[in-house]
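In the two assemblies presented below, chain A is common to both, partnered first by chain B and then by chain C.
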Partner chain A sequence: MNRYRWLVPTLYILFLMLPIYWLVSMSFKTTNEILGGFSLWPSEFTVESYVKILTDSTWYSGYINSIAYVALNTVISVSFALPAAYAFSRYRFLGDKHLFFWLLTNRMAPPAVFALPFLQLYSAMGLFDTHLAVALAHCLFNIPLAVWILEGFMSGVPKEIDETAYIDGYSFPKFFVKIFMPLISSGIGVTAFFCFMFSWVELLLAKTLTTVEAKPIAAIMTKTASSSGYELGLLAAAGVLTIVPGAIVIWFVRNHIAKGFAMGRV
Partner chain B sequence: MTLALENATKTVSGEVHIGDVSLTLEPGSLNVLLGRTLAGKTTLMRLMAGLERPTEGRVLVDGQDVTGIPVQQRNVAMVYQQFINYPSMTVFDNIASPLKLSKMENSEIDKRVRETAELMHIEHLLDRLPLELSGGQQQRTAMARAMVKDSSLLLLDEPLVNLDYKLREELRDEIPRLFKDRNTIVVYATTEPMEALLLGGKTAVMHEGRLMQFGPAAEVYHNPACVQTGTIFSDPPINYVDAEAENGTLFLGSGQKIALEGHLAGLSNGKYTVGIRANHLTVAPEGAHSIAMQGQVELAEITGSETFVHVHYNDVSWVIQEEGVHDPRLGETMTFYMDPKRLYIFERGGNLVAAPNRAKMKGAA
Partner chain C sequence: MNKTWNNKAWFMVLPVLLIVAMNAVVPLMTVVNYSVQDTFGNNVFFFEGARWFREVLESERFHNALFRQFSYTFIILAIEIPLGVGIALAMPRSGVWASVCLVLMALPLLIPWNVVGAMWNIFALPDIGLLGYTINAMGIDYNFTSQPISAWITMVLMDVWHWTSLVVLLAYAGLRSIDDAYYQAARIDAASRWSVFRYIQLPKLKHVLTIAFLLRFMDSFMIYTEPFVLTGGGPGNSTTLLSIDLVKAGLGEFNLGIAASMSIIYFLMTLLVCWLFYTLTMQGEKE
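The block that comes next holds the complex of A and B.
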């Protein structure tokens, strides 16, 4: 029995990695080879697709746009969620528990519901097709999430630390920045990661609220697929490059990520 | 400074946490707040510190009303039961933190931190992080931080509870010495009567948010003002039995008759609660007046130098404190004695009426 212990995890990882392997392998093939038939690895190895993406501005601007609004959204979400989460974790006020739960219900409606009102609102405000528009729209689901995660981490810090700081003479802002934030730094990291991830993979709102200037990479990918025939190699390369930022970010928070999924309550 | 609470009351959503407490603490005094958990010791300290505002009443410092002044502007220090330090700072920075905010010269900070660390025997740990230290060392760090600034009020909220027995003894010995020559008001909260007696100073007995009695430790111990104080400030708690006085005789609920003489003389007819300490119940008669009682042994607790025997007698449970290690068989009938001179008399469930006359009894404790 023990001899086959490796079998299940190996199969599991194999199944998990198979689509990703296929994507990577496709990205190094020519479109003809992809359409030509079944091959496990590229017979004509080519990096042409990558070169095209990294030199053609219609392609790489998609990445820049995506990263711009994702970063903007992460900063806004975390900086607004920090004080909110602190209030939920430390103070009791009228309807605090209801409000806290209500925050989460924002995540229950599909983003499509909000696409139309957002489109109309941002057009009227002159925000349409800007990075800020997408960043703000993504706050709809990222701020509640950030508040929930941060609240969990903050509640893990004993209230007595706050009081000790006040007794030592710290004012509230000074205490928050100098004492409190370092204590929940891993929580802030995990929160930023989740905000990054959700904003990065969200397509519907990002696509609706942009046309040219702030068009995300995922939207560019869908369009290229249909315009000049099937450039599958190019598309696969774009896909690989889309996975990369997430993989990089996950590397930084790998030790804290489980705690983040449990909303800091482990 | 002198700190005074005037009719301080704290209610939280209709529940009384602190009820009408008036208390004056003298500069340089050591005050012990004694009470069970949830007696309101911590809340009272938080009111003193300014971490919370009393719902009613005032807090006065040197006669000046400071009720609404936030804690940052009051000169206080506090040590908690949990070892509270800033985990992200080294021990040195932890201790230095109150000084850094007061814009003191760096060399002066360095000097004072090292002095205080030496006093607390943690001078070799200054570069470590708090979480790398043992519990005792963490609490010493917290105490050093509280002591490094010359605060006029130092609050110690059950600081030794989470420490192991040896460390607790060690620190308990040190505490009165550490604060001996300071002008600081020290307030020390504890649940243990023995700690209040060992630390000396004044003892305030708290029960259900109310201040039952406040005075020098020994005085409060010997003259508990009411049944609750007697229970709280005695370990094991005073044995109580209902009694009735009638025409010069006290009839105990357990069936004994006691002539009203000595400190009991002049007790008017009525219902009373009689109390006697466990260490005043003896297995051998103490004098000619001792009253013999018999009961069934329910439980024997051995602490090492003493044995607490729980005895059931006529529906009343007694705890007898015996010197040395004894091992009475459970269920066995045991004879024990009480000396009427040692009896406390309370109104039924209420205030003290008569306490044993200590001047006439040598070696009474």
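The block that comes next holds the complex of A and C.
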């Protein structure tokens, strides 16, 4: 039985790759070929769709917008969450458990509930259609997540290290940056990865809060799909390009990813 | 870990509190406002009390959406949790292949949700999609844009494709944390494969599986983008889940009162599950 064990993950990965293969193969086909009928492999291999996306500014600006607000959100989430996670992992204070629970509820809040009020809130603040608006809105679920993961990793560091550092004459900020942060660097990496991931894949809020200046690529895709008929090749190419950044960041955290998904709590 | 009592820690939490409160409390209050008021336009609102709530709770439409939502969540949990554990058990423990497996399996989790929907849409199209074409070629009549059953199967398959990896990764992390000494002891006792799973692996997995179960429960409960892009809630209303119905009522029909009170009911339900989740994981950590 053990000899055939490798079959299970292999079949599963095959199942995962099939729709991706279909997307990639479609992105290299001409629109005529796609609509003309079924073919497993592009008969007229063309990179036209990719050229169009990478040269037309209405397309590639979407990528820049997406990456801009995702990066902004990751920086905000991690830097805000670091001290808070330290407080939760090291101290008890008035209402700490309630506060932690309340933070978690925001990770669970359905974005559909918040879409309309968010639009009003950020319009009132004059932030509508800016990268900052999306980055701040995504903090709703990313900051609780970041606090949660970081707290898990920080609790794994023995408290004696803090105490030794204070005896050695370190001030708190110096200790935190010079000693503590390097100790949990893999935790910080994993947290940044998760913030990137959830901000990158979320669309409902990002779409609601933007019109032109900060419109994410994923929203441009849906718009183009309806306005210029049914250009499936272009759509597929844009889809392939949205997978690439994720595939790149995943490679960097591959050794910690399993622990990260368990919120640093294994 | 024994923590020191120190109320100054509040200063470290304050920035997080402020930014999340701005995002959570203000919109929530807006929703509460809408849920008890009515308007004839021009920003003139008057108090309606519990009327919208009664209307939502009594409406057939809400019951149907809720029923569909629970069926959906139940089906995907019943498939994804056992499948995920099974795959994690069969995965290589370490080495290059383990890394390759992890990276490839995590890939679907990093694809924007509407791309997932669009990808499955073209993958399942009966005339030009790989999946739809193959099924039809096998002699089974399949068309997810017109048959409710096909639409449901496609939707469930899409979710299994998208999220089983999360369960795999969690279960894998749990399995990796088991000390080798347990397996050696089991070998000395000549334990069967089943009893190794039942008495060593499963108890260790309990904690991560709680996380997996509840994360999947909540995420599938608020799922919107993927099924919306795939089917648009159709054919008819057959795949209109709770979120889709909510956005339809709020942004589509601009029925603010109904949408807002639906939001509140919806939110209370997730809150309840969230509380359950929190209590269970915290209990797990104490043990």
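Following the convention adopted for this analysis, the second predicted complex is superposed on the first by the 257 of 266 C-alpha atoms of A that agree within 3 Å, B and C clash if a C-alpha of one lies under 4 Å from a C-alpha of the other, contacts with A are read in each partner's own complex, and residues count from 1 in each chain.
Quick note on the criterion: a residue touches a chain if its C-beta (ideal position, glycine included) is under 8 Å from a C-beta of that chain, and two chains touch if they have at least 3 such contacts.
Fair warning: this is a prediction, and the values are worked out from it, not measured in the lab.
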Touching partner for A:T58 - first (chain B), second (chain C), both, neither: neither
Which superposed partner A:I179 touches (first chain B, second chain C, both, neither): first
Which superposed partner A:F118 touches (first chain B, second chain C, both, neither): second
Touching partner for A:E160 - first (chain B), second (chain C), both, neither: first
Partner chain(s) touched by A:T211 [first = chain B, second = chain C, both, neither]: neither
Per-residue touch tally on chain A - higher for chain B or for chain C: C
Partner chain(s) touched by A:G169 [first = chain B, second = chain C, both, neither]: first
Contact set on chain A toward chain B in their complex: 158, 160-161, 163-171, 179, 182-183
Contact footprint of chain A on chain B as seen in their complex: 49, 51, 70-72, 76-78, 80, 82, 84, 86-88, 97-98, 101-102, 145
Chain C residues touching chain A - in the complex, by the definition given at the top: 1, 3-10, 12-13, 15-17, 19-20, 22-24, 26-28, 30-31, 86-87, 90-92, 99, 101-115, 118-120, 122-123, 127-131, 133, 161, 164-166, 168-170, 172-174, 176-177, 193, 207-208, 211, 218, 221-222, 224-225, 229, 243, 246-247, 250-251, 256, 259, 263, 266-267, 270-271, 273-275, 277-278, 281, 285
Chain A - residues contacting chain C, complex: 1, 5-9, 12-13, 15-23, 26, 34-35, 37-38, 40, 76, 80-81, 83-84, 86-94, 96, 99, 101, 103-106, 108-118, 120-121, 136-137, 139-140, 143-144, 147, 155, 159, 197, 200-204, 217-219, 221-222, 225, 232, 235-236, 239, 242-243, 246-247, 249-251, 254-255, 257-259, 261-263, 265-266
